[in-house]
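The structures considered in this document are given below.
Shared between the two complexes below is chain A, which has chain B as its partner in the first and chain C in the second.
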Partner chain A sequence: MDLLLNAVVLGVLLGCFYAAVSLGLSVSFGLLDVPHVAHPAFLILASYGVFFLNDSYDIDPLLGGLLITPLLFLLGLAAYRLYYETFEKRGSDAGVRGIAFLFGIAFIIEVLIILQFGVDQRSVSASYIGKAWRIGEMRIPVRLLVAFAVASALTILLALYLSRTFMGRAIRAVAQDQEALRLMGANPVRIKQWAFGIATAVLGIAGALLIIVAPVDPTLDRAYIGRTFCVVVMAGLGSMTGTLIAAIILGVAESIVLSTVGASWAPAISFAMLLGVLAIRPQGLLGRRS
Partner chain B sequence: MSRNSVVFWIGAALFLAAVVLMTQVIGNQYPFFAGYVILQFIVLAVAWSILGGYAGYVNFGTSAFFGVGVYTAVFLVKAIGAPLAVQIAAAATVGALLGFAVGLLTLRMQGIFFSIATIAVTIVIETSVTNWRFVGGAAGIQIQRPPVMPPFDNYVQMLFFVQALLVVLAVATARYIQISWIGRGLQALKDDELAAECTGVPTLRLKVLACVISGALMCAAGAPAAMYLQYADPSSAFNLNYSVTVLAMSLIGGTAHWMGPVVGAILLGVTQQLLAVTISSEVNVLVLGIMLVLFVVAAPEGLLGLIGRLVRYRAGGKA
Partner chain C sequence: MKRRALFGGVVAVAMVGLTSGVVAQQPPIKIGMSMAQTGGLAGGGKASLLGIEIWRDDVNARGGLLGRKVELVVYDDKSSASETPAIYSKLLDVDKVDFLFAPYATVPTAPLMPLVKQRGLLLMGNFSFQVNSKVGHDMWFNNAPWGPADSWASAFLDLGQKAGGKTMALLTADQEFAQNLALTAREVAKKRGISIVFDQAYPPNTVEFSGIIRALKAAKPDIVYVASYPPDSAGILRAVNEIGIGDDVKIFGGGMVGLQFASVMQNMGSLLNGVVNYNTWLPEPSMYYDGTKAFFETYTKRAVEAKVDPLGYYLAPFGYASGQLLEQAVKATGSLDQKAIAKYLHGNEIKTIVGPIAFSADGERKETATLMAQFRGVVDKNVEQFRSQGKQVILFPDQFKSGDLISPYEAAQK
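Our next item is the complex of A and B:
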């Protein structure tokens, strides 16, 4: 029983972390309909940015994540511009070739990281990494607590941004009805580009959390394709609250399987849940589409 | 038989004759090692385009089918020491069944959701095989090659020939589908699935059929890989690289005609083989990524589409 409780608590913490890494995808895929399979590759890229700052200049990983956020924002703007010019502007078949294009981008990023940093696992050093909190029988790593706190804050901030600010509402409007927005005199492409920039900028902190929680290697993005898409699809496209709930469900499921059946089955959990959701309830838990 | 078909079968016979001649004349083993991989990718790319090209359903599960083919062979060798022909036939059967199951499960989803679901299927199967002790688990398994059959004096040469046979089988199947009612039905549902359904095209049945055929061919292509490498492990047999490479090959060649994936597979396969000899394998993946991005952006209909447009442009210019 203690073991199960421990697994559930760790799972909730892990789940909040998964929410943080999925938020960007929830915006880019959930709201903007970009099949962003390169999202996890951008995430790993951000982690390596944080690693570089930590390794060379001894900058705290979370601060490092904040420092690279503006760069990632610009990267997101450029990436969406490229995607828009090549696919969305030309119309129809964007989905199929778009996903192929983004896979190509993901592979290029993967190899560039390998060429620059090698294939070894990398990790960062900070005072809170490696310590653990003891509550009775339970042992909670502080790094997970940090990830939990920062991830929750990030999720709430993004949800507030999307529901309270003018630009956030514009982003949700563009997801609902692009044509109507155009008729109102707004430029939907500019708004989508801005949204994609935000979605990529969030990866700065998410990437920092990723490398705080566990060491990263250049091909880790493949595992996170499953996790992030699972969370976003299960959440219902574009719902931030849904993202948090779905991520916690995934985290708890993974954590329970990890402590009962064994670590070797863990990679299949997110993908199996994703398959189940797609087959049974494709609109997700809190979907924006019926 | 139409004139076109006669030409096609003569071409196929000439191709096989050339392959046999190669195995008898060339003593150096390297061309067979490299050639085998290229032939294998031709089969995979052609098989992929039956569902991905004609019907427009982008399958990222190539690695699932390939890996299942590999592990069907591994299982049969380990369990009963089955000969190569049995391994391939069994793999094709398993592949057809898997294609049927995957088709029923995923083909009701559209566009990107289908693609994501096929990635999910791959990882779920890979994880199951990783946890299957009998075939070696995560550590992989070594396989002994049986003695080679005449007229070949080397096992790799024989595998090269077998894979060439599979190429002919795959291309003939794809070509048949393309010119028959199946191909027309798939084309119709690619253009507008709802309209096709309304005019009486049995869309789901056609898609599942395409998935079954495509899956059987992919598994068959994977089966000899166990003997080729004399080793199998889940993370390389189910590597996502297969899916993306095959997708890239089809897109580079063009997906509307069976010739497209063949051209694309030869182009990308040869480039990768040449580079892999001289530079590291990371560069292989880099080339894959760059070519994928370049072709998707610059030549959306692939090489064949590009050539077609050029020809039409020339003809238009003269008239």
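Our next item is the complex of A and C:
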């Protein structure tokens, strides 16, 4: 029983972390329909940025994540412009070729990281890494608590941005009906580019959390493609709170399976749950029926 | 062989014709190999190659083998088993090398075994684990100190039992090498009456080990045997340090891959304290033989230029030893005949910079010289500390022993 409670608590924390690394994809794939398989590669790139700042200038990883956020925003703008000019603009069958293009981007990022930092895994140091918080018999790693707090804050901020600000609403509008937006005199491409910038910018903090939670290596992105897409699709495409809920469900399920049935079953759970959700609610947990 | 010698002669004559005035020299003795210089095994492969290159330079400075220079023909196998068969065919049929060294690691080596057995060639193994057990090639010689297959688990469980351990937890990566270790660990445990209270394989890409460690802790084992791979070793140790593993645990570690490499050790720093893990060479006084010190002086200098592991304990001296094995066998037999050399290696103990090496019939060491060592007093972010004695105290085998196990594990973590 104690073990189960432990597993649930840990699962919630882990789930929040999953949410943080999936939020960007929820915007780019969920709202903009870009099959952004390079999303995890951008995430690892951000982690290495945080590592560089921490290693060379002793900057706290979270602060480092904030510092690189504007750079990532610009990178996102550029990446979308490139994707749009080369693929989206040309119409229908661009989807599959777009995936190939984004895979290519992911590999290029991977190789660039290897050239710059080598193949070894890297980690950061901060006062909250390696400590645990005790509640009775339970010990919770502080780095996971940090991930939990920051991920929740990030989700709320992004959800508020999308629902309360003009630009946020515009982004949601472009997701719903691009043509209608165009008829009202707005430029959907610019809005999408902006949204893609936002989606990439949140990776600054997410990348910081990633390297706080565990060491990173250049090929780690491949491990996150499945997980992040699973969270976003299960959430219902484009729903920020859905992303948080789906990620927590996933984290808890994985954690319970891990400590009861056995570790080898944990990854199967993510995808079994995804299939289950899609069978019962094809639009995802909080997705709108289209 | 005759045809090759004839061909060599023709080349030599042609060379004389082309470069008049240069004294005719015998062609070099070529040693061919592939080596992981990119991909997951590159860190180890590069260090291993540097060890072999240092031997080549040394032997050539001594006048070569049988008066001929030694030349290495090396290709990058990209850490992949699918590359090696083609590379070795090329080495044999196009480059016409005189001897073959195996690539670093088990997986790239395994597909070569049928080839060398069919053609009756000598293969000097490079840290493979049990690749010859099913092939049974009598011209295979492994430079690694593994010894008999179960010695790895026996050594670790021995230490655990001596410290009072009666139950064992087994945490392994879901991957071939780790599963092989787990298999022997289960067999040895059964023989010795150690009950297994926790036995789990975790999948690749596991992000967070807190849950697994918590479940392991709940099983209250005395001995924790971990067979993990580099990306996970850090995650496991981190979770263990945060969550704790219980004061029952007498000994922790065993088969954690990665903790032998400088960059990983530097990254993990004080997390390593208390862990008992396998290794092959460590800078303890018992490990120095004729030439060991000189080798590491050269290695340390050249590692900086070559951008490889600055310490190079795990693989590099054994690469050098591979060369020494061949060198002494060629000198003793006075020929390049592979069968004669294989016979010599089977029948004689050979002195190398990693100690005397004697082979059993399967081409592995007669006795294991795999070390079990405990990390002590390690601080964060400092790679130079590992050069000093006492950071990794050797507990096993007895001839290298430099200290006793500190147990329980929690006491040794401090």
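Brief remarks follow.
In this text, the second predicted complex is superposed on the first by the 267 of 290 C-alpha atoms of A that agree within 3 Å, B and C clash if a C-alpha of one lies under 4 Å from a C-alpha of the other, contacts with A are read in each partner's own complex, and residues count from 1 in each chain.
What we mean here is this: contacts are C-beta pairs under 8 Å (C-beta built on N, C-alpha and C of every residue); 3 or more make two chains touch, one makes a residue touch a chain.
Bear in mind that the values here come from a model prediction, so they are computed numbers and not experimental data.
In the superposition on chain A, contact of A:267 is made with both chain B and chain C. Judged by the touch definition given at the top, the superposed model places A:107 against chain B, while chain C stays out of reach. In the overlay built on the shared chain, the residue A:144 is in contact with chain C alone; chain B does not reach it. In the superposition on chain A, A:122 contacts chain C only, with no contact to chain B. After overlaying the two complexes on the shared chain, residue contacts for A:86 are found with chain B alone; chain C is out of touch. In the superposition on chain A, A:131 makes contact with chain C only, not with chain B. Overlap of the chain B and chain C interfaces on chain A: residues 264, 267. Within the complex, the chain A residues that touch chain B are 35, 86, 90, 93, 95-97, 99-101, 103-108, 110-112, 114-115, 222, 225-226, 229, 233, 264-265, 267-268, 271-272, 274-275, 278-279, 282. Interface of chain B with chain A (complex): residues 56, 58, 105-106, 109, 111-113, 115-117, 119-121, 123-124, 126-128, 130-131, 138, 240, 244, 247-248, 251, 282-283, 285-286, 288-293, 296-297, 300.
Considering their complex, residues 40, 42-43, 174, 200-208, 210-212, 214-215, 218, 230-231, 234-235, 238-239, 241-244, 263-264, 267, 271, 380-381 of chain C touch chain A. Interface of chain A with chain C (complex): residues 2-3, 6-7, 10-11, 14, 118-123, 125, 130-132, 139, 141-142, 144, 213-215, 217, 220, 223, 254-255, 258-260, 262-264, 266-267.
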